[in-house]
Amino acid sequence: MTEPATVAVADSFGRATTRGLWAALRSRPQFWVSVVLLVLLAVVAALPGPVAMLFGESDPRACDLLASNQPPGAGHPFGTDVQGCDVLANVLFGTRTSLFIGLATTAMSLAIAITLGTLAGYLGGWVDALIARGADVVLGFPFLLGAIIVLNTAPDRSPLVLSAVLAFFSWPTFARLIRSSVKEVREREFVQASHALGLSPSRVVLTHILPNSLASTLAIAATMVGGVIGAEATLTFLGVGLVPPSISWGVQLSTAQSYFQLAPHTVLFPSIFLTVTVISLIMLGDNLRDALDPRGRT
Amino acid sequence: MSERLLEIDGLSVGFRSPDGGLVPAVDGVSLDVRDGEIVAIVGESGSGKSVTAMSVLGLLPKNAEVTGSIRLRGEELLASGRTQHDVRGRRIAIIFQDPFGALDPVFTVGFQIREVVRTHFPELSARDRRRRVIELLAAVELRDPAQRARSYPHQLSGGQAQRVMIAMALACGPEILIADEPTTALDVTVQREILDLLIRVRERDGMGMLLITHDMGVVADVADRVVVMRDGRFEETQTVDRLFANPEAAYTQQLLESVPRLDAAERRSSAGDEPALEIDDLTVEYRRGLRSVTAVAGASLTVARGEVVAIVGESGSGKSTIGKAITGLAPVRSGAIVVDGLDVARLRTRQAMALKQRIGIVFQNPMGALDPRWTMAASIGEPLRIHRSLRGRHLEARTAELLDAVGLARQCASRYPHELSGGQRQRVAIARALALDPVLLIADEPTSALDVSVQSTVLELFRTLQAELRFACLFISHDLAVVDSLADRIVVMSDARIVEQGARRQILLDPREDYTRRLLNAAPVPDPDQQRQRRQQRAAA
Amino acid sequence: MLRYLSRRLLELVIVFFGVTFVIYCAVFLLPGDPIAALGGDRPLPEHVQEQLRTRYGLDLPIWQQYVNYLQGMLRGDLGTTFTGQSVSEQMASRWPTTITLALTAWVIMVVTSVALGLVAGLRRGSVLDRSVLLGTIVAESVPVFVMGITAQYVFGMMLGWAPIAGVGDGWPRAYLLPALVIAVYGVSGVSRLMRGSVVDTMQSDFVRTLDAKGLPRRSIVGVHVMRNAAAPTINVLAIQLGSLLGGTVVVEAIFNINGVGQLLYRAIQDQEGTLVVGVATTLVLIFLVTNVIVDVLSSVLDPRIRHD
Amino acid sequence: EGDEAVAEITIGSSDPVPDLTPGRQSNAFGVLMSVFSPLTFLDVDGELSYVAAESVASDDQLTWTITLRDGWTFHDGTPVTAQDYVDSWNTVAYGPNAFENSGQLASIAGYSDLNPSKGDPETDELSGLSVVDDRTFTVTLDEPDSQFPSQLSQAQTAFYPMPQSAFGDLAAYGELPIGNGPFALSAAWAEGEPLVAERYAEYAGDEPSLDRITWVPYTDRLTAYNDVLAGNIDLVRLPANRMTQVADDFDAEHVYSFEGPAISYLSFPFWDERFDDVRVRQAISMAIDRDAINDALFGALNVPATAWTPSIMPGNPDGICGEYCELDPEEARALLEEAGGFEGQLTIHFPGGSGQDDLFNAIANSLRQNLGIDAIAQPSVGWAEFSEDRNNEVLDGPFFARWGALYPSQQSTLRAVFTGAGCTNCGGALLPEVAEALNTADASRGADGQAYADAQQLIADEFPIVPLFEESYNFVTSDRIAQLTTSAIGEPVLTDVVLAEN
């Protein structure tokens, strides 16, 4: 055939799944929007002080109770919260913790879920039974009870500990999803073909089964980030959340809840940041997913 | 028999690649099909046959760019915005090349056919629909159609799935049937029945047919006119007699020359004495719900080092299952499989993995056997990377070598499975199986989707490699001519059992069993005259 | 199938004992002393506390307490709280409410998220797709407390469409609003999942075949796409149902619904061991059972998935 | 219903009621005070009057003679006798019964015999009680106590009488108590169901203004608040997180802020030497902007404390805390400076999940800004952890403390907070000299509380704990209620509710 050699042969060797990935991503405006937003968030998370400086208030803990719940205005572009602290500064300073909790929890939860879900789905039998029943138990185990016990025994209530607790209680959903798609993919012919090639089971799982089973899990993983950031607010509400001087969107939201009718801006701004974060992550995830799937790339 | 049913005019199709380039697949082809006419498209694998067929129904992926004109009884299909909805199924039916991919994995085949019947014949009662489905399944020669209707696609053999597709296409009673390699996975007896069925339908309803096939015997048997395709263009269009009598295009001549003939000529065998594969009293049972299906019953066979043993036989008789059982992919009920002196069932995981490296396998369904997320180069390179630890330049070189060996253009290396034609995928699968210089090669219909010229190249390669490496080979095929040209011994299977096995010439020239005789008789020969005679004889009988 | 189910039943029994024990220990591990806390600001006299401890067996070693609990349970007695109320009565009075609420919320969630996921998936990349994404995420970013109170204010107080509190008005009037609020927080995840599956399925070859067979779009989508997308989705939906049955503490509080969530929440705070074990064990059982159903269902929905 | 409209109100009650036996209840004061009548009653000015008792008298503050009014009956028709009281109190005090409120009777002679530290009691009768006749009985206390008549007032429900029918099946009685009060319950309590009390026709006391009261239980008082706003129910205690909002939601005449007998403190870890210097403690107190907090967080409904007991207590020495209870950052800094400053981080501890985050964060902010020290507020994982850490003396900074008295006498609060008698969350600042002063005050005959005020001077000097706010008991009502009155315990008096005319 005399096709124009659009892609050099050498290009495709060694790169199993990435041909055209960048080209596909590059041409998507959504990809860029999400990347820009996430980079901005990352900058804020890394340097909240200097960023807050740009807007005039760089200390989230400089509070004036006499100026409690002031609506947005001069000096306080996002207004003040019930303690009279600058909402903007708090939102900016909360970014790091909230992003950390959201991402770390999701990452840990996914790590557990992928490991256990894959083992259960791939090996089946008693391993499956053990893991699946374990997941059932975790699901049914009262979160509050677990959280109290862990947070009470943990030496400090750091975002990491909190993430670990949240992750521990959230992996079963993912694990079940992964388990069921692994069960399905395991039966596909190309997997059998890889077995027949004498590849080790772990390699088959890692390179063939997992990439073809993760789609559904990743689809909701991004929404989970938002859920977790929100859940952290609930934790504070229940008395097992982060403690000062940690600043997070969750703590802000949970505080603002009591005053949202008086001072809606105190709920509004952290919520906006939360939404933007989640949507950027989802957009990024969707684009990556489409781009990673060769059939969706074109 | 002269009404113009389908007219294709200056059709060109190109695929847009992510970086904006346009890869041409079909380049300005024109063709027409009249009422009751069977037009065959033959030609090089990857030349655009399937793409042409698919563009008739507007089923190409979104990145395809189509120009030209396609008319059904004068009605333009391409331009009309109403995406041929009333045309699809009802007026034009299509049988896809990859029958597994074309069936919804989560519904029974009965349901899927019934659904088509309901769509096109809403007036039928549920009971009648059910009856119709059984009739259709019976018409495509499926055994126990009522029970087959309750099977899921993954429970079917390749040929069974293909027949389900045919039944589904016929369910709508179309004006024109586009059949993309409808009988490649069928054994010759069933193939003959199916072809007879298609001809009957044509006679009864005046259905036109666009038949894509590699089997010149089939072409000779049923086609009225033939189009030869290569590189996205039509090389020549001829009536079937003229084509076989005096082909004009050089490519056509080459094609016809490559057609293997079943002559059972004397040939030296390179078979050794030590057995590479011994199968003893193998029984394989699939559980299907509460019942179980015996796919292989008490099969025993041996393949010596350097020997090529072909398995031929009825579709669904358990040929693929034997191949799968050897690599541990089928539920063995009893019996022993010994490869290279090692009992497969007794091996620990590590040993089993090591053993599997020495077994190459080409699956019957090349689309399914390739990871959809991996490029061809990666798929072929995988065993090399892992078992041979090849990297970078060496890996590239070896992969390129393999691609060349199976006659694939190097551009294909960077494509994904869905971007390849059926034959291209099949060649990738072969290349992968050969990558590790196997001791035992199990090849399940490895050339079914290849055009005869590529097929002969591949077979040639096979022979060379085999002579060189002296691997044992279990070769599953429906094409008796291919079997003849390659095998040392032949095993004939029917209904889960081995009915007969013996040396090639003995089986081909002096079959003992009835079934084998029928099989041999049904094999089409690439000669229109001869086929016509056979058909008349059958009609007379 | 029978063997499969009986094996699952056996697992269920084992898990049941394991779980009750774990939860029992967990409650035991909670900081503080439930009896001392009974008096609130005013501590109970020391001897009163002693009496109560003896009465509720808190002076026994943990395993002994657990054994006693199990014995009681076999007699159908789930024990009493530290204030002397029967645990089974408490649960009996609350489960119906919670089940009604949870099922209502779940159905709303299933219907909306499946519908949204479906349209989003079918019209991938369209304005509709993006609005579904944006809408569900924005809704979910509003804290549940704010959402609940606002809904209560708008629909209960201003418009008077629904009662503000309690379930006295019966189903559906009293349940719809809280159910709606609860449902909001599951829609984005499930609809995303659904969307992904729809996109996947729509790309598969068999959909092309169905197209070629002239099947109307609605039956391609309604039958084939739905069923193919169902397998992963039901996994998540089942878990959602389970969590809903676990009660949604905040929404129950806002709408004054005497559900299991509130019961469990208070039980944990008061360290009412028997109550916690009772409720939590029921929940684990619910998860176990729903997951058996899911497993069976998913192998029915997708025959390639085997559960051996 | 009759010709006349029934005068009724519906009240949103919080928390489920586990047991309505007077000796056991701890969170159903409204119901109990309607179904029962106390022996004595303290009005909002601290004036004592007699209800079921005709008189409560003593010469030596040690032995008290209680004479009952004539003609009183229980809702089951049986007359209320001295024997009923004695039997009831014996039942409440009897150790093995494990009644939650039995501590209220602890000062009666013989209480310890009924509650031996080991084993079962030998007797089931309080030796300090003796029946004189049908309407008279005497109570002998362990120590003289001038406040005993106050202790018999409306909120000390352990002193309520129970009819003889109660003693047979106390559990059943707990669900449907039969009392001697103006209202009788019409049906037994059931989980999650409203509780209805109808006017008791034979009631011998002052006629109530209502015919029927219904309590609807709410898991979250906020919901009840919204229901009052919507006019579905008539009265509810204002939820804390609506204090700032209530002025927008309700007309002023439907918001009632009653002075109550409760007070909140910031206590110190006396095991931490950083707080040993009294000036440190005073400086911290001085650095808290009580007014700003009250405005921002409590909608100005609470009252910044100026003494260690709430001002509703008779004879309360208002302002005894002086300058130390008023914000003065400079002075506070100077004081802290004098004391040698403060090392390290100041962590304020409070029980998490109890809705007090804003208050303690505000205090921490105040301290940080006004004292220039690094102060943070740290919630514990719930109450249990908090009390455990406090009791084990591991808290490393000032912490939450509060006390809500059941009868308005400085005695109650001071004893609870400074002698460790029966208070869980009082902070544990035990001062022996205060205990002594209290004993003297108890024995004195004066009813004006002056003797207790003197004791508070000792506290002011020592400054062991920072008074924060007198907690008001706030209520909102629907339009149907025209006037709500209160008593000395800050609760609305349900017999005196004035309904709006329409």
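Going in written order, the chains are labelled A, B, C and D, and every chain counts its residues from 1.
Basically, contacts are C-beta pairs under 8 Å (C-beta built on N, C-alpha and C of every residue); 3 or more make two chains touch, one makes a residue touch a chain.
Which chain is which protein? Per UniProt: A, C = ABC transporter permease; B = Dipeptide ABC transporter ATP-binding protein.
What you are looking at is a predicted structure, and each value in this text was computed from that prediction instead of being measured.
J.: Along the shortest chain of touching chains, how many steps lie between chain B and chain D?
T.: Minimum step count, chain B to chain D: 2.
J.: Hey, which chain is the most central one here, using CA centres?
T.: Of all chains shown, the one whose C-alpha centre lies nearest the global C-alpha mean is C.
J.: Could you compare the number of C-beta pairs in contact for A-C with that for C-D and name the larger?
T.: Comparing A-C with C-D, the pair joined by more C-beta contacts is A-C.
J.: Centroid of chain A to centroid of chain C, CA atoms only: how many Å?
T.: 22
J.: Let me have the rounded angstrom distance from the C-alpha centre of chain C over to the C-alpha centre of chain D, please.
T.: Chain centroid spacing, chain C to chain D, equals 39 Å.
J.: Which integer distance in Å separates the CA centroid of chain B from that of chain C?
T.: The answer is 50 Å.
J.: So, what's the distance in Å between the C-alpha centres of chain B and chain A?
T.: 46
J.: Two or more other chains touching the same residue: where does that happen in chain B?
T.: Residue numbers touching two or more other chains: 154.
J.: For chain C, what residues touch not just one other chain but two or more?
T.: Where chain C meets two or more other chains at a single residue, that happens at 30-31, 149, 231, 302, 304.
J.: Got the chain D residues that touch at least 2 other chains?
T.: Answer for chain D, listing residues that touch two or more other chains: 353, 381-382, 385.
J.: For each chain, which other chains does it touch, given as pairs?
T.: The complete list of chain pairs in contact reads A-B, A-C, A-D, B-C, C-D.
J.: In the complex formed with chain A, which residues of chain B make contact?
T.: 15-19, 21, 23-24, 46-47, 61-63, 100, 154, 231-232, 324, 327-329, 349, 353-359, 361, 363, 365, 368-378, 381-383, 386-387, 391-392, 395-396, 399-400, 409-411, 413-414, 416, 418-419, 429, 432, 436
J.: Within their complex, state which residues of chain D touch chain C.
T.: 18-19, 26-27, 95-100, 102-103, 106, 115-117, 171, 174, 190-192, 216-220, 222-224, 226-227, 229-230, 232, 353, 381-385, 387-388, 402-404, 422-425
J.: In the complex, go through chain A and note every residue touching chain D.
T.: Per the touch definition, chain A meets chain D at residues 61-66, 68-69, 82-85, 148, 151-152, 236-241, 243-245, 255, 257-259, 261-262.
J.: Can you list the residues on chain D that touch chain A in the complex?
T.: 241, 244-245, 248, 289, 292-293, 295-297, 351-354, 357-358, 361-362, 364-366, 368-369, 376-382, 385
J.: Which bits of chain A are touching chain C when the two form their complex?
T.: So the residues of chain A touching chain C come out as 124-125, 129, 132-133, 136-137, 139-142, 144-146, 148-149, 152, 172-173, 176-177, 180-181, 183-184, 187-188, 215-216, 219-220, 222-224, 226-227, 230, 233-234, 237-238, 253-254, 257, 260-261, 267, 271-272, 274-275, 278-279, 282, 289, 295-296.
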